[in-house]
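Letters A, B and C mark the chains in the order given here, with residues in each chain numbered from 1 onward.
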Amino acid sequence: MPEVENHAVHPDSKSGVPESSSKTIGLTDVEWRRLAFVLSLSFAVILPFVFEGFTTFQFTLAGIYAIAILGLNLLSGFNGQISLGHSTFYGIGAYTSAIMINQLEVPAYWTIPAAALICLSFGFIFGLTVTRLEGLYLALATFALAIATPQILKSKHVEQWTGGVQGLDVYKPDVPQALPLEADQWWYFVVLGILLLMLWCTKNLVNSRSGRAMIAIRDNPIAARSMGINTSLYKALTFGCSGLYAGTAGALSAIVIEYVAPDSFTFVLSFFFLTGMVIGGMASIPGVIFGALFVLFLPNFAEDFSKNLAYAIFGILLIATVYAMPSGSAGLFSAILTRLKQKLNQ
Amino acid sequence: MKNLLEVIDLDAFYGQSKVLHRVQFSLKPGGITTILGANGAGKTTTLRAICRMVHTKGKITFDGDSLVGKSTEEVSCCGIAHVPEGRGTFERLTTRENLQLGAVTRKRKSEIESDIERMHSYFPVLKERHYQQAGTLSGGEQQMLAVARALMLRPRLLLLDEPSFGLAPKLVRELFEILRHINQKEKVCMLIVEQNAALALDLADHAYLLETGKIVISGKAEIFKSDESVRRSYLGY
Amino acid sequence: MDLFVQQTLAGISNGAIYASLALAIVMIYQAIDHINFAQGEMAMFSTYIAWTLIVRFDVPYWIAFGLTLVISFLGGMLIERIVFAPIHQAPALSHLLVFLGLYAIFNSLAGEIWGHTIKEFPSPFPDYSFGGLIGAHQVGTIVIVMFMLAAIYSFFKTTKLGLALRAVASNPESARLVGIKVKWMRALGWGLAASLGSLSGMMIAPIVFLDPNMMGGILIYSFTAALIGGIDSPGGAVAGGFLVGVLENLVGTYVEFIGSELKLTFALLLITGTLLLKPNGLFGRKIVTRV
């Protein structure tokens, strides 16, 4: 018994041996992570100069998806709330930006934080409303939200702003004159910058006190409540934050694609985000980039065989991921990494 | 006389943790045996092991057939009925349907009807509650129902997990009288797990004492009652 | 007044379809404690099978109808045995992912096999209208669904198998102890659910036409019906189905703001409202989460 008490008095004593002390080909885990970060970042910076415009545009979209998936992962991976309704937040972001640019002639850059704030509030209010729902019931409510959204956007009551079925055109601002960049390249870097910022914010958030509260709510809501965490408020705030990410992504997509229409924001989009999150790994921050690239590029490859195949492959992959990891904690991405590490260590 | 149930070197596990260690016991046909022990000693686990509801190692044979490798459903078809901890009532179904379910693996309809009548003669209260939702029955009535449901199988071995739990003392005495009667009349072999050791020892002819997953004493019930340490720890006088 | 009667009758007819799909959802909920998000897509796929039988192979309607019910039944059982039995213990999120996986697979498979162009689906009933109030197809739908519901009700109430199924839904562990083969009961529940779903698909297809996305909205109404009735109450699901059908039509007709284009939003409000205010539905039991 005395040993246990010892630990209780010095909670840090158990971390005497750092977990990263094991080395893989001469480098510790932390060093590997830094190396991977530097390499991917340099690759990301060179990328728009190597590939042609359309491919750059695709990577830009992947970056936007990554932001949305990051938001979803914050909600589901770290806070345990399932959402099938992120297409709605993304859509609200996109429409906010489009309406502000198209009808109010606000400069495009300003519409991004505006969309983010609107989705933050909507997410917070929605989160507060559904705070009592858990698991499949929350999935059901958000599923209904996703299904209803295109209809609402088309509705005659809002048609004068949303442009109804036709949607809205968006005018993308020019590249700053001082920069020797094409429009595709410039927007690629804007998205990359925002993505990096949000990755950094997320990392700090989940390692903070609030982040630990979020995770505690996911793992054991009742224990979290008894520890004095205001679970309803935290859940609603996480929903708001998650909405902020999705809204930012939506606004960026409206500007980059230069067009919004109701049928771009169907349940299928939510399904893509969810698949991206699961493939990248629940509660894995770098995983979202892998997941986003995956859901964006797999359909391109699959469509060479059949237009319908991509969706089916996602379905099979989702099921396969659950089979491989019934607890749903790690995704394909982390599974590959772990396997690789074991191979190298042998 | 040949043993009805033979348990040899039984280990049982919940996940990684081992809760029974080389438990060994046997039941004579037509006898009543009780397993005593404190909370967490592994009494319920022993019953669940017989019904194949936990992961085990070791031998369990019933009437010469090995139960290991059978599923819970198949064990009941061999003629082993289990009154589980917490009664296991089908709460949304009627009392009558609960009884019918006890005999769900039996074929002859007329026999089942006459058995329901028989249960009504043992437990008249069930007749009054015939078409009532079982979940609305009182705890005592549900306990009667659980025993009656188990008997509907016409079992050769009846496993009872804490039959006295939550019952008023008068009801407990009644229930145990009925159990004794059924044992004598129908020659049903019984294995009873009980907190109320005095009561169980009165009914049983044989007893085992479990402590932290091991059988520490076994013998005739009378010997148990006179054993100093058992009396102090479990009978409280 | 005519409009009111007409809309109510149309609502009852739609309600019959929602009722059968809602009952399918409740059945699977009772079998595995989860809400089947792929129920609509399964129904759509079954309806395509019926279409193939009728249009491609010239099978008479009622034979094709029966065959589709049987094929769907077997398909449902297979899905349970192959896909869901191995992950029986997995948490809700894993189940959700598998449901969504199935959703995607059925949707894209249907698109792959039958294409995305809208197809006409035959109605077995003549093109006749009773006094301009209700069409023969609507009346037929109500009759067939009521007949199926009655058949299922008597199956559950009078047969040993039905009793065993209800026992599993009520207390799976006790069911196993009395010797019921629980895993086959689960598969049976899935089979029945798939059959019921195919019925709803075949009845709605002549109205909304056949295409891979045809069940999206109908699934939402059926979820609403199941929730209003109480997700674990079969009778409630049926009542909820009719209620939602009638409400949907009347609200669409008389509440100008909603009209026909915001009906799904109305369903969304009903779902969220029910979940928040009366989470056990009108006829359901309390859902208790264990710590």
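Remarks
Throughout what follows, a residue touches a chain if its C-beta (ideal position, glycine included) is under 8 Å from a C-beta of that chain, and two chains touch if they have at least 3 such contacts.
This is a predicted model, so every value here is computed, not measured.
Using the mean of the Cα atoms as each chain's centre, the chain most removed from chain C is B.
Chain nearest the geometric middle of the protein is C, using mean C-alpha positions.
Centre-to-centre separation between chain A and chain C, using Cα means, comes to 33 Å.
Chain B and chain C have Cα centroids separated by 42 Å.
Annotation: 55 Å between the Cα-based centres of chain A and chain B.
Per the touch definition, chain B reaches chain C in the complex via residues 51, 53, 71-74, 76-77, 81-82, 84, 88-93, 97, 100-102, 104-105, 149, 153. If you check the complex, the residues on chain A that touch chain C are 76, 82, 84, 129-130, 132-137, 139-141, 143-145, 147-148, 151-152, 154-157, 222, 267, 271, 274, 278, 306-312, 314-319, 321-323, 326-328.
Partner chain A is touched in their complex by these residues of chain C: 34-35, 37, 83, 86-87, 89-98, 100-105, 107-109, 111-112, 216-217, 220, 223-224, 227, 257, 259, 261-265, 267-268, 271-272, 275-276, 279, 289, 291. Across the interface of their complex, chain B is touched by residues 160, 163-164, 166-167, 169-171, 173-182, 285 of chain C.
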